[in-house]
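These are the structures in question, set out in turn.
After this come two complexes, each holding chain A, first together with chain B and then together with chain C.
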Partner chain A sequence: MGRLRQQLSAASCALLAVAVAPANAEQSGTATSQLAKARIWEVDTSYLSYRESDQRVSVGKAVATLVRDRESGAVTVSAVHDTMSGASPTGALRSDSPASTVTSVSGGNSRNSLDYSRSEFTDTRRQLGVGIEQELSPRYTLSYGGVVSDESDYESLGINLSLARESSDRLTTLTAGLGWIDDSIYRSDTGGTPEPLGNVQRPRPFSEGKRQTVDALLGISRVLNRLTVAQLNVSLTASDGYHSDPYKVISAADDDDRIVANFHDSRPDSRLRGSVFGKLVHQLRDTQHSLHLSYRLYQDDWGISSQTADLRYRHRLDGQQYLEPHVRLYRQRAADFYQRNLTVDEGSNPVMPEDGLASADYRLDALSSVTLGLKYGVKLSRDAELRLRAEYLDQHFSTAVFDRNSAVILQASFSIGF
Partner chain B sequence: MNDSLRIEQRGAIWLGEFRAMASPCEVHLELRSKQLARQLMVLAQKEALRIERLFSRYRDDNVIHRINTANGKTITVDEETARMLDFADSCFHASDGLFDVTSGVLREVWKFDGSDNVPAAAQVEPLLERIGWQRVTWENPHVSLPAGMQIDLGGIGKEYAVDRVLALLRDRSPGACLVNFGGDLHASAAPEATGAWTVGIESRRVDGATASSLQLQRGALTTSGDARRYLLKEGVRYSHVLNPQTGWPVADAPAAVTVAGNTCIEAGIMSTLALLHGADAEAFLDSHEAHYWVQR
Partner chain C sequence: MSRQNRIREGSFRTLLTAVALGVVMLSLGGCSITHDVFDVTEVKPWQRGALARDDMQVINDAMEQAIDDHIYFSREGSTGGVVVQGGGCGCN
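== the complex of A and B ==
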């Protein structure tokens, strides 16, 4: 379930993801310079629980990060352990068969049911990453690192390199980065990927599921005044290889949703993605409270475009504690080849797409989502901080078989420096 | 092995799902109390896993392993294993040697992975000397196999587990129960709410039209077939149904045979034997007045 789970796992942290880049930028802008550089080591541990309603997807994510920070640079080592399980929608229509159970040839991995609309999985993902930040000169910082990730049906290897340049007044930072990722995708039950648009009941092995990705990022962050920091990132990602999802299914059905056949997902063998991300952090005058506003515009050559708006307000309760309400709005246009299902002709034969592309994956459907959350942070000592976060995600899909989804995200993290 | 148990309510039925014997397992119970349903599901799961441990050929700590590695020595078996061996013995004789629990060694050369890797006759031939229940000395409770031979109760273990689990549940559940392990199922009685269990028969046709379904009040249904495992070479499809007497796949075996019976283990033997009769599957089933559905 790798591709899916990797993405779900990513989705489970999507709420974080928007925050990650800005948070780092913030650090380089103000936080690090304010904090005494005396602490050399910092350990950050967190546990995140992501639970979708209806037992769709549950993810438990444990992250441990160790940072060694010196004047000349920093080394970061991080380890991630995810456990994932559930029964996620495959894209297939729910079977119209009234059968409560099914007799079948044994040896399959599917449930004793003709219903292909959900696919069960349990998996564990382990990831190890190393990042090195090196101060080349007072104004230039070079960062590079690598990440390996492994689960029962997905392997990934990535490397990245970036260079940051501070302006002479130290108010502006320019960043340019490049990354490269090598992925292997397969089904955990067959060890391969099924033939795209092949009949689900007669799967034929297709290929090994290899994919290469290159991405490039240009960023600028600037301290506008004593109270405001702004950031703008532009990124471009190109990938080549197997992009279908080996677990996703699309049904061919008549107007009454009577299923004629179920086929494996089929997507283009390349993808070009671009995004622009802007963020503003503003500290309210004469207070310690701050407002974090960000907006992201995304477009790819599959026809998907999306917008994300994110607003956080950090309210300082006292010197040690803060509360941070969070709202996030997301809206997405569907992929060109997304279809709820394939249609059938008068002879009840499936009408196959001319370009050979079809997917009913709900994540490629038009969708909108709202996230509401609250975070509480407390400094336990000069160098130790505890953070608790609770969020609720509500998604609406345009035509997908399962047209709603909701999830509860809970996270506890603890960091200590010494 | 993932031993998680999922429980959900569907109308008047509690459905429990878990994995055992490399198959998805379902238990359907018609009763109100979730607590009782959960207790019974846990019991069912434990029993399934117990039987899996007992008869799995992938373990080295069970009676099957002891028998298969005795190297000609005599092994004394427990009562339950003895009943299974008695049953295997009966089936062997009743089928004129077509059903043979010693035929598993053929897997050494036949690997049904969808490839074109068909073994040479010279590879198959020597194995035949290591197959044949008539060479096994079975005098309850003592069994001995000539060195090099092996038994595999996998072909009847799952059906046996279905019947055993159903028996356990029937005694403890106030309402109707149905147990389905990997597509082989057995129902104790018709559910009151609907008057019958609606059972789908999985379609094996290429174009995958929706399967037919039937109404089952009580009894067992099993399906045997070759659609999931085969070899393909020079346009010839080799089914995974191997004749223990020739060591070669049965020609013209149906894609799937579904048979109704009083117990799962009975129905399972009938559907397996029907496949082994290849082109004569229907004639074989007719001659035994079986209730059946064949997909070619």
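== the complex of A and C ==
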């Protein structure tokens, strides 16, 4: 934790240096650069409230982004502060029996309750990021950046690099990107991770979990006509290390859901993910109304495959205001090792999986999800804009203990340029 | 699969079909969207006025995109595909 705080401080200093350096360079610039000095700052701030029903998870998210736009590129600095609280499903079956014990999720307190299927928690997450976009030549743009994130049980450091090449007619853009993420995962109470598939009543703490992720993306965007842009991305993500959730558990229970024991989550130590993403952006003829339609096909080697369709329609009310309805549809197949619970044999002994992998995390279950939303945007002046958004998320799970999750998302954003 | 889950599966398919039908109806309803979308023509620099607008960019609200990616990353089993990924989280 202390190490990451130092990294955060160092990153803050680096960001300030990056933001200041171009300004100094400009002061000593030539007449040409003085002419090209279209210096624009933009500040984008936002507050989001995410609230799940049944007093599950609530998140308050504050985001601030500062962009400095120049002829030769842009520098973006962003900060995120999340406060999270509520009762998160642990994966354990619902029970009135005190036989099982589940310790609480991140930053939480143990609760004297007979039902261990949910656990209360509070946590705070801070994230700091910088992105630099640099025009290498009229046709080549290099983008690179980094993100650090810190919470009571998770530290993450990510860097990314991408190169975009425009065709000579400027109608086609090819993009190649690479990202690398280093994550440290541990329980906030022990500082370590539990033994995978270890009995929660006989804890054997392991050291903190480490995970490295490499993300590669190839994309092409093409202007099809004067009203339409199409985009196609292919991405591959490989991760290695600790992938289990140190707070999730899985119950071993008989046919009547009587819990015999609870075991810690156990997932593979690697994951390979691939996706194809396509998007169309189109302005309706003779109007200024626009459509954003996207589709993603995803597959990984855990057995999860998913499809996501997303449609946004921006309806301009006048020159200053717009309304944007949004619908998102998602469905996924369950991970191969997902189980609602472990079974027991005739002697009431838990039947453990032969490959040592089992998780009852509802997010790895087969699920379908629908989001409906509406956004309103208004230009308050030439350079200031207010955006308000309300969305409703509804998820249905195939076999998870809590077979439904719904959430209301409210967001207010204000941006100003100067 | 339980009866309840079959009903949900059916509801989801109905919604998907309704959206697909909506797109087809729009296409046939005089808007000719599909024709306009897939009518590939050369675009001269002076014809790109609409394409230069903020709302016509493939990512037109980077902050919202990042926030949504984070929400769905923490509530679904799959993620990624739009941009190179940033930092992770221990989302409960």
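By our rule, the second predicted complex is superposed on the first by the 365 of 418 C-alpha atoms of A that agree within 3 Å, B and C clash if a C-alpha of one lies under 4 Å from a C-alpha of the other, contacts with A are read in each partner's own complex, and residues count from 1 in each chain.
We take it that contacts are C-beta pairs under 8 Å (C-beta built on N, C-alpha and C of every residue); 3 or more make two chains touch, one makes a residue touch a chain.
Model, not experiment: these values are computed from the prediction.
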{"item": "Chain B versus chain C as contact partner of A:122, first or second or both or neither", "value": "first"}
{"item": "Chain B versus chain C as contact partner of A:250, first or second or both or neither", "value": "neither"}
{"item": "Between chain B and chain C, more extensive residue contact with chain A", "value": "C"}
{"item": "First, second, both or neither for A:260, with chain B first and chain C second", "value": "first"}
{"item": "First (chain B), second (chain C), both or neither touched by A:164", "value": "neither"}
{"item": "Contacts of A:200 with chain B and chain C, given as first, second, both or neither", "value": "first"}
{"item": "Touching partner for A:44 - first (chain B), second (chain C), both, neither", "value": "second"}
{"item": "Common interface positions of chain A, toward chain B and toward chain C", "value": "105-106"}
{"item": "Contacting residues of chain A [partner chain B, same complex]", "value": "55, 85, 95-114, 122, 199-202, 204-205, 258-262, 349"}
{"item": "Complex contacts: residues of chain B adjacent to chain A", "value": "2, 4, 6, 8, 10, 13, 17, 22-24, 26, 28, 114, 158, 178, 180, 182-185, 197-204, 206-211, 213, 221-229, 256, 258"}
{"item": "Residues of chain C touching chain A in the complex", "value": "1, 4-5, 8-9, 12, 15-16, 19, 31-33, 36-41, 43, 45, 47-48, 50-51, 53, 55-58, 60-64, 66-67, 71-72, 75-90, 92"}
{"item": "In the complex with chain C, residue positions of chain A that touch it", "value": "44, 46, 48, 50, 57, 61, 63, 65, 78, 84, 88, 105-106, 121, 123, 125, 127, 129, 147-149, 151, 153-154, 156-158, 160-162, 170-171, 177-179, 181, 183, 185, 211, 213, 215-217, 221, 223-229, 231, 233, 235, 237, 247, 273, 275-277, 279-285, 288, 290-292, 296, 298, 300, 302, 304-306, 308-309, 311, 314, 322, 327, 329-332, 334-335, 363-364, 367-370, 387, 389, 393, 395-396, 398, 403, 405, 407, 409, 411, 413"}
